[in-house]
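Chain naming follows the written order as A, B, C, D, E and F, and within any one chain the residues start at number 1.
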Amino acid sequence: MKLIIAVIKPFKLEAVREALTTAGVQGLMVSEVKGYGRQSGHTEIYRGAEYTVNFVPKIRIEIVAADDQVDRIADAIAGTARTGKIGDGKIFVLDVQQAIRIRTDERGDDAL
Amino acid sequence: MKLIIAVIKPFKLEAVREALTTAGVQGLMVSEVKGYGRQSGHTEIYRGAEYTVNFVPKIRIEIVAADDQVDRIADAIAGTARTGKIGDGKIFVLDVQQAIRIRTDERGDDAL
Amino acid sequence: MKLIIAVIKPFKLEAVREALTTAGVQGLMVSEVKGYGRQSGHTEIYRGAEYTVNFVPKIRIEIVAADDQVDRIADAIAGTARTGKIGDGKIFVLDVQQAIRIRTDERGDDAL
Amino acid sequence: MRNPIKTALRAAPGLAALLAAFPALAQTDAPPAIDTGDTAWMLTSTAIVLMMTIPGLGLFYSGMVRKKNVLDVCMQVFAICAMVTVLWMIAGYSIAFGTAASEGINAFIGGFDRMFLAGTTMESVSYTIPEWVFIMFQMTFAIITPALIIGAFAERMKFSAVMLFMGLWLLVVYAPVCHWVWGGGFLASAGVLDFAGGTVVHINAGVAGLVVCVMLGRRRGYGSVNMAPHNLVLTFVGAALLWVGWFGFNAGSAVASNAIAGIAMLNTQVAAAGAALAWMVVEWVVLKKPSALGILSGAVAGLVAITPAAGFVNPTGALWIGVPAGIACYYAAAHLKKTLGYDDSLDVFGVHGVGGIVGALLTGIFADPAINAAGEGASLGAQIYGVAVTVVYTGVVTTVLLLVTKALTGLRVSDQEEEEGLDLALHGETVQ
Amino acid sequence: MRNPIKTALRAAPGLAALLAAFPALAQTDAPPAIDTGDTAWMLTSTAIVLMMTIPGLGLFYSGMVRKKNVLDVCMQVFAICAMVTVLWMIAGYSIAFGTAASEGINAFIGGFDRMFLAGTTMESVSYTIPEWVFIMFQMTFAIITPALIIGAFAERMKFSAVMLFMGLWLLVVYAPVCHWVWGGGFLASAGVLDFAGGTVVHINAGVAGLVVCVMLGRRRGYGSVNMAPHNLVLTFVGAALLWVGWFGFNAGSAVASNAIAGIAMLNTQVAAAGAALAWMVVEWVVLKKPSALGILSGAVAGLVAITPAAGFVNPTGALWIGVPAGIACYYAAAHLKKTLGYDDSLDVFGVHGVGGIVGALLTGIFADPAINAAGEGASLGAQIYGVAVTVVYTGVVTTVLLLVTKALTGLRVSDQEEEEGLDLALHGETVQ
Amino acid sequence: MRNPIKTALRAAPGLAALLAAFPALAQTDAPPAIDTGDTAWMLTSTAIVLMMTIPGLGLFYSGMVRKKNVLDVCMQVFAICAMVTVLWMIAGYSIAFGTAASEGINAFIGGFDRMFLAGTTMESVSYTIPEWVFIMFQMTFAIITPALIIGAFAERMKFSAVMLFMGLWLLVVYAPVCHWVWGGGFLASAGVLDFAGGTVVHINAGVAGLVVCVMLGRRRGYGSVNMAPHNLVLTFVGAALLWVGWFGFNAGSAVASNAIAGIAMLNTQVAAAGAALAWMVVEWVVLKKPSALGILSGAVAGLVAITPAAGFVNPTGALWIGVPAGIACYYAAAHLKKTLGYDDSLDVFGVHGVGGIVGALLTGIFADPAINAAGEGASLGAQIYGVAVTVVYTGVVTTVLLLVTKALTGLRVSDQEEEEGLDLALHGETVQ
């Protein structure tokens, strides 16, 4: 099994979720992160003070999937989240040793 | 060392944390995520507009532990977080190469 | 490639980010977590009710980096985030199988 | 036909004050003229007393609950405001300020002659203001009293049960008690002093709150789950608007724009400040940290306690009512509740019940005839009598009404709804 | 020279009410004296009508948008308040309440003789209050009307376009329509009853809102993206302050501290409550869950509907205006909008347009001469005429002004700005 | 025995205005009667001036700090309100409005004859209102002035130090300065015009704020850490309530319900609007984006600047006071502060100090005898004299009081507490 971590632009979340459902993904986790990368932040000015906000709001999606699903899933994400502009984000893949469904105590691919 | 990622129902957090303390866990991280899975979301209606909110609030717990602790910890989490209803969540286990305690620069199991 | 997860004290974020930029890191993700560890929380009292809040606010930084960068990066983080007081946090390193830049579909180290 | 002037004289808070101020009114039948200045102040008072409930009380309470229940609290307050408005117009005003056929009955209840405000015309005058204004002013009191109770059962009662119970409670508890004290009922005759509603409003609501929270049982997880207020900025705004609006409540109860209104406003200010400081200092000494929740609660305790006394005492008396009220309510909220083990979510009994009783009793002690001739006959005995009667009546009848409500709609939400939060479970909404 | 008294008599909401109340004024030229009580109430009314807009309307609206657009809404409301103040002083008051040279012209527009408030002195009296106070009171009406419109185009219009359009709209739409009804123009002569601004304020703003949202097009993602209100606690506070402030709006339109003011306040309360309960019940039945957004919207619908009727009907009439208004506006917001497919972000047309029309028509039916002699001549026909004229004029002129604005500044923000949120994109700020 | 009428005449804001309005009062000793209309307006004014501080100022300020310090700000405002109430009753009113034994002393300080409000009875009259009302009205001014100062040292001062310093400052700075201008002291005699408190309230607080923030030093991380306002919706509501409440502040300073009150209200509105627009336009031109913080700050700057002038100028004058005030305060907050390097957290000096000075000086220029005969003697020289005396006195004495406070409690929280946030560190609470 693999853990797929995708960082994307927030407004793409709904589209990516739909693409993943179509691709057969049945479970995932979403969280809000502040991203730092090539895409630059904005400047805030208030009453004479001026600050560069380096972080850009991003959405992180995490999916644990069977090894043979990883490519399809990565493609689904990349295809949907791509706008071609800086800041589209990344996909990372990590190895997962074990997965457990708490409700049933199923293990491995069955737990996904 | 292993990284144990558990996704559970929010109201189970306090119970799971206590079970983990009992099981000898001395450190962990908690964050809020939006979960998508078999458990369905709810419908929001306002002034004629109707939307399905697919995401369900969940809590993610992350623990880095020595290899020989993993099973005890997973059992403690699963045992406590189980309600038997859809949406109880998952436990994932990943391999960890290195751990460092920032304060002392200790490494490996000593850093946990 | 490796995924470096660092948990640090919130007020150290800006300093660590600068140190990382200096160390050549070009991308990272930041999120807020509640930490549980040796550093104890505080007690809240209101109208006769008394609760121990076990969790301490922490910042999690995640960086995916080429293998040969990992030590420099870990050192940069640890060096900057260290105050010497309990609760300074941890750094964990995990193996990453694949990285994709969504915008260009670049893979591996090129995607970072 | 009912005599408008007699009605007017009976139908009022601050009654004694007015009798003293306009002795002539009691003797002649000449129709009193409308005073535009008095009317202006009463229109204003009405507006700011409504503001006490919406948004004041809604904010005060909703800041103290957990984030998942905040809209339910706001909505309860708002729905009660709307429902009581209609009920007051249909029957509440008549029960409280109408005239029952026989004098014996009239000691207890005001009759049904004024239903749908029958008999009020463009010429009707109460004191020196149009009766329309008096009806509106009294309506705002009828609105806030049941709304106060919701703090006791917050975070666990069904919305349908809240609506049913509150409708019944208004007509069967509030309106009669209001009649006893201000509508010419037996408590007024017994010499009970209640300038602006310490008994009618606060003891009444406080005791009802205690009954409801005991009958409903504690919130799930009470004592182990952290139920700390989610946003005390809201509570700050709420407390502040309650304070400001209380000027309408207390100084408005003079039903005139005069020196009694002036001293009532000043006393309100001083007592609120005294109680706020008292609660703050006690907390600072005992817990080492003075909290925002503490000072805000203290101010409300002081406002509650000065309510029956506002037009009867001098400013020094107001201070000596405020300070002990702050301490007593601190004790009730922080210790008494713990000891007895009931879960009065937002301390309705601890602040309004206890503060109301402290105020009602101290009114008997600090009433100053130099301020208000009506204070001359003040006696601790009469005050105790008034408190006791109200506590018993409200306690018993509230229990009965809750049993009726339970039979009809049930009282508590399901465990799962409570866990999920009432905003989403009952109203399909959440605060982001 | 213009006659200050005649102007005063013409220049007022609740006009008929006053003519009835002070018949002498219409016949003599003796300078009316200032009544301190009336003046006190009008000063207060002015303050709380301003409070309706800032912060009331700002909160009501900003709670309903998404978190990324909340400051833009607040800022639009605040900037409109500031801009209208200056424009009203420079020209708006003159156009609305000045006297045009010829009577023919004066039926439509008030002339430019009072620009920069020329001619008002420390001795000028309107009715029984200083003209300064009358100017201020009317200014608060001129402020809230354009501010109401922003709900229709929220989350997508350029800030510069908002400012330009609103400035034009005030002078070319609001001020003339105000003149027609309250400034002695042709609608007043035609016997159209509008106590406090159902036509001038609410139908006017509602129709303008509809035009703007149609011309601007829908928000990006409308229908697929979840645009649920981000924080209904703000909306609760806003609705509550609107309600309280509406007492100044309606009871203040009596321009006196008397029984008309009293009944207007009571009617306002009853209609708001009736409509709130009506919307709640419909939602409860249809959707199974009564929502906070629903009951709050209902209250505003009732307040809108009672506005033209407040000083003409009795409380039972007020209830029968409130209840249908609640139901009609529910239908408009939940179904009509969906069917017709326009994106009126916060239902300005659905609540103010529809509620205003319901109220204007029912005023013709429920006006009660026992309450106000001026209601005697009430006719449904005159009311329909007033509504129709306003709808057509506002509809056409608003369209033209938008085209002008579009040519000068453009109307919509870029897609990216809309996606990013107007707070950050237009004002460089965010709410944490 | 002191003569109540003479005291009344001395003891008031808008003094000159009143002398002009009631010349007879100055000559006879016949007891003035209470006017119910005037009293109604002053009761209302008192309520809304209190609302300026709680919740107004609390919200205005707490929205501008970081989320970790928001409750500390609210609590400081609330605790100051409570403490000043008690101090004002005990000694403040006496120092400000009492009569010192010798005339020489009385030029500087009002004596201790009125401690605990001794001598005020139900018959005491100030102008045409009960003295109780006058005491209350003045109390709300005494409350807001120290509360304004907290913006300068927000996010870093110990709560105990705040309380101690503020108590001293009220008695040693505010009460005497109030006496000089309104209590018959030497500034009144020198012909300094200050209708509603430009000098007494705003310059006073602004200068004190500057001294405190300089002596306390900057916040940790100032200049590198992002300290952007955490929630400008709160600031919007606060600014709006300040605006509305300012009607009570300025129009209430007429101590009557008359044309002076009317023009004061109108001028307040116009100046606030002018300054808000001015700040917005400058920001739009300079920074390309008009910000919510900007327009809100501008409105407050205009309100501050019109305060001394409200009852002396005509509306056009008000506009010409508002616009430069908006620009000057923008410059002070955005540039002067940066250049000089002090950390006035929320720009108390930049807005209240600078705005107050602009207003005080321009009052000397724009005072219009057609509005108020008292404006006839207006002179820029007298105004400069008034400003200078206040700046020097406040500057010096504030410094001394801070040194005393430092010796007794220390001034700043520890670095760790500052890092953690004052809400949790000092009050054990957080906003979720």
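The definition used in the following text is that a residue touches a chain if its C-beta (ideal position, glycine included) is under 8 Å from a C-beta of that chain, and two chains touch if they have at least 3 such contacts.
Note that the coordinates shown come from a computational prediction; the quantities given were computed from them, not determined experimentally.
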Joint neighbours of chain C and chain B, given as chain labels: A, D
For chain A paired with chain F, centre-to-centre distance based on mean C-alpha positions, whole Å: 53
Chain A-chain E separation of Cα centroids, rounded to whole Å: 47
Geometric centre distance via CA averages, chain E-chain D, whole Å: 33
For chain C, residues that touch 2 or more chains besides their own: 31, 44-46, 94-95
In chain E, residues with contacts to at least two other chains: 35-38, 40-41, 44, 48, 228-229, 237, 257, 287, 291, 293, 428-429
Arrangement of touching chains [line / ring / star / complete / other]: other
Pairs of chains satisfying the touch condition: A-B, A-C, A-E, A-F, B-C, B-D, B-E, C-D, C-F, D-E, D-F, E-F
Contact footprint of chain B on chain C as seen in their complex: 2, 6-8, 31-38, 54-55, 58, 60, 74, 77-78, 81-95
Residues of chain E touching chain B in the complex: 223, 226-229, 287, 291, 293, 297, 333-335, 337-338, 347, 350
Residue numbers on chain D that touch chain B, as the complex places them: 224-225, 419, 424, 428-429
Contacting residues of chain D [partner chain E, same complex]: 34-41, 43-44, 46-48, 50-51, 54-55, 58-59, 62, 70-71, 74-75, 78-79, 81-83, 85-86, 89, 116-117, 121-124, 129-133, 135-136, 139, 159, 234, 237, 257, 426-429, 431-432
Contact footprint of chain D on chain B as seen in their complex: 11, 14, 42-46
